[in-house]
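First chain A sits with chain B, and in the next complex the same chain sits with chain C.
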Partner chain A sequence: MGKASRMKRCILVLVLLSSTILSACAFKDIDRRLFVSVIGIDPAEKLDKGFKVTLKIAIPFGAIKQASSPTFAYLSEEGETVGEAIRILETHVDKVLEFGHMKTIVVNEELLKGDLQEFMNYFVRRGDLQMISYVTAARPSAETILKVEPNTEAPASISFFNFFGGTGTESPFIVTCYLFEFRRDYFSKGIDPVLPIMETNEDKSELIVNKSIVVGEKGKTLELDSILTKQYNSLVHNASGFSYKVKEDGLQLLLNIDKIDTKFKILSDDGRPSKVVLTINKVGFIGESNKPLSPKKLPYYSNLAEHALKSKVHELVMKLQKEQLDPFGFGLRYRTMRLHSSDPYKLWEEAYPDIEFDVVMKIHLKSTGVTE
Partner chain B sequence: MNRFLYYFIILNLIANIVVEVPKILMDFSERGAVTSIALALIIGVALNWMIINAFKPYPGRSLPELLQLYTPKWLNKPVLLYLSANWFIAGLLSISTFTLLLKRFLTPEMSSYIIVSSFVFLVSYGILMKTNSLLNSLEIILILNIPIVLFLIAKVYFDQSMDWDYVKVALTYVNNWPNYSAVAAALYPMIGIVNIVIFNKYLITKVNMGLKQLLIIFLIGGLTLFTTYFIPMGYIGFGLSDKLQYPWILTSDSVRLKYGLIERFIFIFLLIFLSLSFLNITIHWHVAQKLLEAVYRTKKLIIKGKDLNPYLWIILFWGITFIVAGRMTEYQLFLVGKYFFNQMPLFTAVLIASLLLIKRGAKKHG
Partner chain C sequence: MESSSENQQTPELLFRLAQQLSPTKDIVQTTLHVEGKQAYILYLKSAVDETVLHKTVVKPFYETASIDIYSSYLDSAPNKKELADDHSLLIDLTRGHVLVAVQEHYFLLEIRHVGFDEVQQITLEPTIHGAQLGLSESIEVSMNVIRQRYHQPSLVFDTMQLKDQSNREIALVFDKVLVNPRALQLIKKRLKNLDFPLILSSGDLQLYLNGNKKSLFPSCMLTERPDRLIYNISSGKIIILVDGSPHAVIAPAVFFDFMISMEDLYHGYWISLLTLFLRYSGLFACIALPALYVGVTSYTPDVFRTELALTVAASRIGVPYPSYIEVFFMLIFIEFLTEASIRLPTAISATATTVGGLILGTAAVEAALTSNIMIIVVSLVAVSTFVIPINELGFAVRGLRFILLLYTTFFGLTGLAIGLLGIVLFLANKESFGVAYLKFGWKNRKKELGIGEK
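Now for the complex of A and B:
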């Protein structure tokens, strides 16, 4: 072996050995970390101004089989800002608080009526918080909701994560709002974000998500009940599912819609927006009925359903218009229709309160289900 | 056209999607970014055409050789020095921004010096490679990475949460005059072809530059610039993006791989773009080193038949990088990047002027 090649080997070995130094200062073992899974934010109780931050922390354990239910720890602290409270919380535990796996932000409903800028800032600024974490409103308070440990929760899982994004349950009643969406729509002109509302039952054994809240500018909020939430969800997020009820002349149908296609168009009159035409196409079949059905009469049933759903959608848009809220983004769409120099948003804001809505609903029922 | 020339163009376009360029463009989103991009696209394609055509008569020759042959000596040294400084700073800026990025998103507890040193170490290996091998590794890495890049970009385009209305709002600002800084920033990704100054030596086959080639460059450049500037709007929102340091990082964090191995898109995205930036840095510094070698070279450093001159430059590169990448703040880096882009037109002017001089000199000689 030549001298040069031995030299090369020595260098190679040195380089490989030096890689062991690299990991040493960057890595803390998993047993020195606490994985924060949910953050809850409430208004402060003791301080005049500020927040109460509650963390739900998943405690790791050796083998999943040993555990009968998941184990969580809860930490609460008040501070003038979210960051300050968390900074104090870091001194309450012996391990590093790790936020990389935090996936749900629970905000007390009351806080949505104030200025969101203050605490939103913290979540966007920190690099290790996911922008795809879910944001949800809590009733009665974030702390109560966080401390609910549902009976159906399996070990090594957190039910907060399964509600949203179609991970676990999929229902048209559940609105999903990601942090980046919330930030984008909240700060943009012409669209308002919608957050799901999380509630619990009396003995705190269940989490319930089937309502939502529209968060407008300057603390203007509007709660949508389950039915309107579903309508909103099916229009904006194309959520399909089993839950569309039609009632007419003693006939009661439950529709299972599997395809929804929504389009809207803004018509102008004299350079001013005058009318919004919403065209909704739904395809599905009948899932439940209180009377025997005839397949020949499918177009008739479709017609019935069209009428019933149309009035619901109309109710939703009228209600939103009355409150000057716009979760559909009509205003944003109007901004895309003209050059910025003509200031379309101002025109829109002036016109929105008395704009007309035209809902065109087309339902195509394909079958009466397995039985007639 | 030789496929390697496409590689240079594509690599520079893709590597610049992530960091400085979109940030600068978004700062100008209400002051003429749209028209600036269009203008930069046209200028960029024209520059590609000019540079390729200027090298066409000299297959197998690099710029330093040509300068030595056909231009006076007092002129060619400063020109080469200026050009190499540009190439070096281009690489330096990429390394520094990626160090900050890695520190923020992947390894927050690691010291920046360790991140920088792992960078420079690998890149130096690339610099010392033979130009020919570097060309081949460029090809391999690109071919391995581009399908993944296409997948990632497609994922961003077709994600459900992407709101195209914001993109359209950004387009309504089309009636503003282009801005100098924005044009310069958008031009920078388009001129990856300039690497030809060294690599031409190994591209023996004759390059032909016709309408078809121009069209391909135009399309690729247009699409990439569109992606760079407009797509983040759909996730960040219009008018809010200028408040962010790294628009594309936030965008990539907003995409969720629901059934993916890793749910967070950002990690795959960062790693792939990191590897491409790496390659781009290697190429930049390889060119910088070769140009510097043409400026100054001492026989004293040839020890036992081995030329140690490249090591001299590498040590210099290391020193500067450690000082800059370890000390600069994000904002300083951003400012330096902006100044660097702003003087890009001067760089292209010097390059093209020297190419014209070569042409004149060659006529006289010939």
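Now for the complex of A and C:
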């Protein structure tokens, strides 16, 4: 009896010991993995239908402190679907492609005009791709943008991540859009997602993000220039550090706004939505001026600014209305405030093209920005 | 046992005992006689304080007027013990008792001489504030130390004799009002049933009391701090003192007792809270960090920040073995270092740690045998082990690391979670003298001291 149990124990120990020699399928040392940091998607060049997927892979190397710039490798492959292309790319490298650190999806601007479902679906389904990845549009192509290695990029850091979410730079010109947010806004009725546009300069030494694109249903897109992007961002995301130029009678002021509060209300007339009242409260100070200013005249300056900013906001909403795009989510708000049975969205869709906008802008300037 | 007082003949009992003790040379058997008075003395020179003997036994013999007065003098001596059978008489003699025969009467007097009765400096659990002197190797002095710090009529010293070869005296110390009766009963029962041939000190007595020979976690606490003893007595625990050992055993002990330093009581609220937090995070770090390294680098590097993932990947370039072997070797290495520096005299241990820690560590990284991050992890683990205030738990934790490492190697971070859960289950299942090991005695200090466990 004792002998038998000892035998059993010996066998158990042997089995356990021998299992250390096998490494399990999930066990993969970190130096056997390649960290994909950015994925770029372009329309296929060789195939008539499909995509070209480009991966930007961060290569770790020995002495990080001594290195002057990070090293990246790029892999490109075309396939009918994104998943197919990535599967093929896995056969081009000796290590496992690790997508856990992939935090930016760069989509060619042209692709946004087509059906997004075809290529975005892959990202939502893969478990190791994070839903908090940033999504951006690329101009002229995703591949070009991916291959930009900015001069300011430090070793072991990836500048694509620092642009968004206030991780690195914080600017009202930069719109941040997460993958989950993009998908949610794209599919829900009454709101349209806005993606930042990434560009590069001529010698490809900089990444530039200050424009954005509104992606509507059925391939409807509208590009917002820098000023409109800033307006949009300050209204929807309450982007701080917002600065705005006011020109009046040779007086030129640059306002630094540090607090923005936006509210809107949808008024109905005869059961039909008729008017949207946008109330915007801004608090800030004057950051730059070409003439000496008096603190006593602050209400006057505020007034000037109110007028100038109001027209800009109005321009933005009118432009969006004309294109039937709604990144503010007016339609979504309307839907949520009405009973579902009455099919409020249909009503809204009919009313939106000629709805009226009333912008109430209140600016409170705290100081002239100079200590006296 | 009739002996003739007329003849100068040694009483039979003394003669018999002396014979049984021979051939040891430290046996002393003398006859005192003056003017018809006679007394016989038997003792072991190596165990008896001869000055006291002379003052209290020999001198009065010559000063008393008659043998009856002397006899009643001895009879009323406070250090007189009852006579038992031959065997226990012999043991009493080896402990420093003196057997006096006057007329037909025998008197057994305790005149012990203990050479090691100094109170010792605290070395195991030093604190900045608080008592600096601990217990003594002599049980009487240790008992004195406790009694002088806890003036309560309810304090009980229950002395008894170990039944092993050493026949050492031990004492159970408790407050009879506050004591946990169930634990007391259990300890008494275990002491009674103890059948180990030789018990050397309170350290091994504690292990034998455990009831479980192969347990990893200690279920009694060893301490040399009188303030800890008093604190535990007043919260209803039982102290076991062993003659010849400067450490006392505290039972029952729960897990959280091992994480408390007496210093916590001497500091302000926020400071002791901070040190407590440091201690528990140190505990977690030294248990889980090696396993976490394997789990995160080899299974789920997504957990890292991207920058860290790249740095770790970079530092592992050229390391020939998979991460778990790397961790295992480095842990073994650090255990070598710790063992070496504990056993060596302080003058040499500094050299060992320098050569081992600094030179070998750097060289191992240079030679790409391990990664830099690994060295950081291992050093952190080594340092945080020393944060645990009681040594015994520190040793247990050193063993736990390897178990967790094994789990994580096979199952990744899930394995780590399962392993940690397993440890918690194991601890929750354990008990120390009838008290659940993971018992969370969350009382404020006033309440704990005032009521205790009844």
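Methods note: the second predicted complex is superposed on the first by the 344 of 372 C-alpha atoms of A that agree within 3 Å, B and C clash if a C-alpha of one lies under 4 Å from a C-alpha of the other, contacts with A are read in each partner's own complex, and residues count from 1 in each chain.
One rule holds in what follows: contacts are C-beta pairs under 8 Å (C-beta built on N, C-alpha and C of every residue); 3 or more make two chains touch, one makes a residue touch a chain.
Quick caveat: nothing in here was measured; it's all calculated off a predicted structure.
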Clash-or-fit label for the pair chain B, chain C on chain A: fit
Touching partner for A:28 - first (chain B), second (chain C), both, neither: both
Partner chain(s) touched by A:251 [first = chain B, second = chain C, both, neither]: neither
Chain B versus chain C as contact partner of A:131, first or second or both or neither: first
Touching partner for A:161 - first (chain B), second (chain C), both, neither: second
Partner chain(s) touched by A:267 [first = chain B, second = chain C, both, neither]: neither
Partner chain in contact with A:333 - chain B first, chain C second, else both or neither: first
First (chain B), second (chain C), both or neither touched by A:180: first
Which superposed partner A:98 touches (first chain B, second chain C, both, neither): second
Partner chain in contact with A:73 - chain B first, chain C second, else both or neither: neither
Least C-alpha distance (whole Å) that remains between chain C and chain B when both complexes are overlaid: 6
Residues on chain A lying within both footprints (that of chain B and that of chain C): 26-28, 128, 130
Chain C residues touching chain A - in the complex, by the definition given at the top: 297-302, 306-307, 309-314, 316-317, 319, 322-323, 409-410, 412
Contacting residues of chain B [partner chain A, same complex]: 30, 104-105, 107-111, 114, 118, 160-161, 163, 165-166, 168-169, 171-175, 235-240, 250, 253-256, 258, 263-264
Residues of chain A touching chain B in the complex: 22, 25-28, 127-128, 130-132, 165-167, 178, 180-181, 183-185, 187-189, 191, 237, 329, 332-333, 335-336, 338-341, 344
Footprint of chain C on chain A - complex, ascending: 19-20, 23-24, 26-31, 33, 35, 37, 58, 60-62, 64, 98, 100-101, 103, 128, 130, 156-158, 161
